[in-house]
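So, here come the structures, one by one.
Common to both upcoming complexes is chain A, partnered first by chain B, then by chain C.
For the complex of A and B:
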């Protein structure tokens, strides 16, 4: 199967069937899609797509539990705020490989960039579902630019970074399509594109934190801090590392038959070097968060229920994964590193949920709980991401290198 | 009470300094813990594999030193320590031609013959009879009394451009040490780093069954 997909494709390649249907006839290809995982995905899409359509038809109130008090719900918290953090793997690995020269991470670069690209595309999709009226999306740039708003910066950044990620991933698509000249041109621009991408990520990862600076009265003091932009930026590095560790392990298993046996990739070794980075970043992040606590001076709140929840996040999902990563690096246990990766990802999700959902509007009587429609919509968005990821990896040179472009930028 | 009231600036600052200092102090043991017990590559470089100034190294670990009109040729410190005590040295006849990058002589260590490439072009004008009689002694002074042959060079200036000398030579041995370090077991690392216990025949210590292949890779400049 992998040999078919490795051949240069649509233009000048052997045939469309080989590339689109993985070398099978259309009927055989359809048959190959009948798996339990696809059945679950289909069920989610069957419930979710009509829900999304209904939301655009009838408005937010018909599908969500949002109100004037709780204007931001699960879609902002999960699809956007978590989504951006979890898509940080692309810039983290790109920065490590091209700027810090960690060439050993090369084999996981493309999957990380693809995850980032799809992540951001879905952030945008989730945002449009939340905002409605997608045709008004360009208004914020061109018609009514709110230049004093953090959202103006985040909007531009995400818009530009999505294009940059598209360019970063484009070489894989061009190799697949057999468009040699365009591929070579993009290869020569790699470093510039990567630098722009890293800069944009640094900006908007922190801006998303800065976004909550304007809500001191709404966010619980244990989470509110003038250092929120720093917290968001540093934790996005941890999220990137955690996501890459988890995602590479999953895709290594799921796409085993696509891996090039000639170029055996020592994923355990790569995972262990990521574990070192993860341990250090999380360790620093823990102390930066403590600095926020010291600056607020609200140690008395630690004795409350919110304090216990805060310590649960700090100790269980920052310090613990840091130590587990450290043990993994020292004991050379890739399995332990993957456990730490999962803990890190959960920890960043928990943090983003705390800031934008759980400890947000903590003091209002009308607490927000997401509706079934909101949950199914978020699930649908994730499912779409996974399906597109699989579709691309099964066809383009992502987990393997294209034989004609081995070692090229 | 205001939820966002700050501590008095002095207490807050004091706490911040304490926190920053504790972070830095704790970071040191944490960093060392994370880095684990791996053999530091650089510990093997300087000081372990020596190369004096004025000696030019070939990628195949033979050295050349212009002396008057001739060039002394020998085996560098790294190669000696890699293969261990030499049992036999098969040197070419006087007058035999040698070419840079091609086989010049053969050493035998641990029962295995290993070819060594010539660092220069020319023809052989002398061989070291003392080393031929007692090959194992060459290890004691690889760049002095341990020279193996003298060559009348044909194109010395050009040849020297292809060799490493000074800092470049030390970096070259560092890189070779780095390649070795990737294959080191922690036990051997301890022996190498304690400074007082020379290990002769690192290749054999690393891989008893295939050490000669490893040694050949280095001597072929790969």
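For the complex of A and C:
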């Protein structure tokens, strides 16, 4: 990823100024930003940011295709519901490394936590864009808390988890800034922070599915289930593993020049150990989804068009990636594992879209299709995430270890 | 971090406290006032003539733009829906009565006994009052629109074209009721199709009408147990679906559908931290033993 880092040392020069401009002069740094990828990013932001401003000026109706029947659209389905699932890599890997002692995954821990942290921050940003009067968001915490709402629990969890992710990532920032004492203090709190993070994630990943427990008539029976919270939780583990496989492969390539040649990281080996986990989680997920179908007893619906769409998701994006992961682990093919990772991520996106958009209001004539403004806004949010990720990785010890803090918590 | 017994106890105690707090928060979930003896309206669709006086009275009482094309029956040609500026609309049924008369049904918020919208509202902008109405606090609403997702009757409507949008729906004239007045629509109804009173009494009245005219009425009170019961009750001599009243509504309270998930929260808060700490202790011990035996799996653990 080209915010070119043409400098000898991995960690800045003597001054913060050199650190910020990656050891280049300001002019050279600006010049290094003129790349095709940055041009695309700039084009998206130039279209998206005014769209967001227009939405706040003229209301949701001016930009979105939302209607009285379709009250939630792409921004809830993608920015929030998918966003939370795709940011699950942070807690999945943190739990594997610290709680289960899978220290081989260490090299991908910080990128995963950073992806999670930015992911949640962007979920919040997407939510603010979608809410009618977002400035009232704090009401749920202290003015008029709606304690009977699933959303109350999700709100608290996401708010607290965002802070937890901030703390989980803070060591990288503190090492970068050279704040030794604070860094040491955080290191001593690591396990406690991780435990709280995993607990909060268990709660809100599942509760996101609980949103739809009150919509039995609106969500197609093949997707509606009293077990939706369990489905969402287990698939968030799959999403976490899939995202980490894909994201580590991408950033390993994009940030090649940031990798420490002295500490050779065998990403293929890491990917293969993730593949084993992915195969098991997806296989379990497939069977609990099947139990949902058995409990509803609606096998007759499998013979309909919706049934074909359901089987497409179940077989093509849950069972298939599970087998591909297993095959990849057996054949020791990291490439296959990455294909399975992509399938898994697409599968979780497909599932969240099905529950919150496609199979929702399935029996209503007025079907929702996102507007160009909604699509460009979601693209803008993703782009902002990628740009911040790159800015941080090019400066802080994320894909590499800071020489002073090797192997530390 | 050196995990000794005292730390583990401390963590367990902290988790326990959080869990109890969570339990207290969720136990409040079921205290949506049952309001079974609250007020309601009985809609006898066999008496409705489709004059739409209720629409006009509603618009006036709520300071809304007047009803669509007053006095013009062509509005009935397509299925009508309430909107941010029309809290009630009259639908024309697709079937005629056995005597060949047109059938109509007024639609508005059903004011559920246990409303999905109010239980799902994260800022209590929608609230079930003990006397019956589900009221809306416009000054709290943050516009998440979950009420619209949750409502099985599709009632809450949103001001999508406003920069400071609000949810709009029938208020059951809660303010008028507080002053001892009856809801505006029930006051003007000229045919006696709308009868305001205590829900329990109206349910008996509805059943009495069905039992005394068993050949005339469909043997069902719509709203008796739809979504666990609604304040507005309907009786009819044609199938309810032909009146465009929502079909396939669950016969149980919608908030109850989410109650199981909510009640799991305190358990997760209480059980997860000690469980995770236990697993951490195991994996740490395993590493220590491995390091001592020097089987090549040594790794420094700076804690």
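One rule holds in what follows: the second predicted complex is superposed on the first by the 393 of 409 C-alpha atoms of A that agree within 3 Å, B and C clash if a C-alpha of one lies under 4 Å from a C-alpha of the other, contacts with A are read in each partner's own complex, and residues count from 1 in each chain.
One rule holds in what follows: contacts are C-beta pairs under 8 Å (C-beta built on N, C-alpha and C of every residue); 3 or more make two chains touch, one makes a residue touch a chain.
A quick note: this is a predicted structure, and the numbers were derived from the prediction, not measured.
Chemist: Between chain B and chain C, point out the one touching more chain A residues.
Modeler: Of chain B and chain C, C contacts more residues of chain A.
Chemist: After superposition on the shared chain, which partner residues are touched by A:98: those of chain B (first), chain C (second), both, or neither?
Modeler: second
Chemist: Let me test your reading of the model: by the given contact rule, A:216 touches which partner, first (chain B), second (chain C), both or neither?
Modeler: both
Chemist: Give one of first, second, both or neither to describe whether A:198 is in contact with chain B, with chain C, with both, or with none.
Modeler: Only chain C; A:198 stays clear of chain B.
Chemist: Touching A:150, do we find chain B (first), chain C (second), both, or neither?
Modeler: The second partner, chain C, only.
Chemist: Mind working out whether A:68 is in touch with chain B, chain C, both or neither, as first, second, both or neither?
Modeler: Once the two structures are laid over each other on A, A:68 reaches chain C alone.
Chemist: One more residue to check, A:290. First (chain B), second (chain C), both or neither?
Modeler: first
Chemist: Determine, under the contact definition given at the top, whether A:390 touches first (chain B), second (chain C), both, or neither.
Modeler: neither
Chemist: Residues of chain A that sit at the chain B interface in one complex and at the chain C interface in the other, please.
Modeler: 216
Chemist: Which positions of chain A touch chain C when the two form their complex?
Modeler: 56-62, 64, 66-69, 71-72, 95, 98-101, 103, 131-134, 136-137, 139-140, 143-153, 155, 187-192, 194-196, 198-199, 202-203, 206-207, 210-211, 213-218, 226, 229, 407-409
Chemist: Would you mind writing out the residues of chain B in touch with chain A in their complex?
Modeler: Chain B reaches chain A through residues 3-7, 11-12, 15-16, 19-20, 22-23, 27, 30-31, 33-37.
Chemist: List the residues on chain C that touch chain A in their complex, please.
Modeler: Residue positions touching the partner: 1, 3, 11, 25-26, 28-29, 32, 81, 83, 116, 118-125, 137, 140-146, 148-150, 152, 154, 157-166, 246, 248-250, 254-255, 257-258, 260-262, 264-265, 268-269, 272-273, 276-277, 279-280, 283-284, 286-287, 299-300, 302-303.
Chemist: What does chain A use to touch chain B in their complex?
Modeler: These residues of chain A touch chain B: 216, 221, 224, 276, 279-280, 283-284, 287, 290-291, 294-298, 325-326, 329-330, 332.
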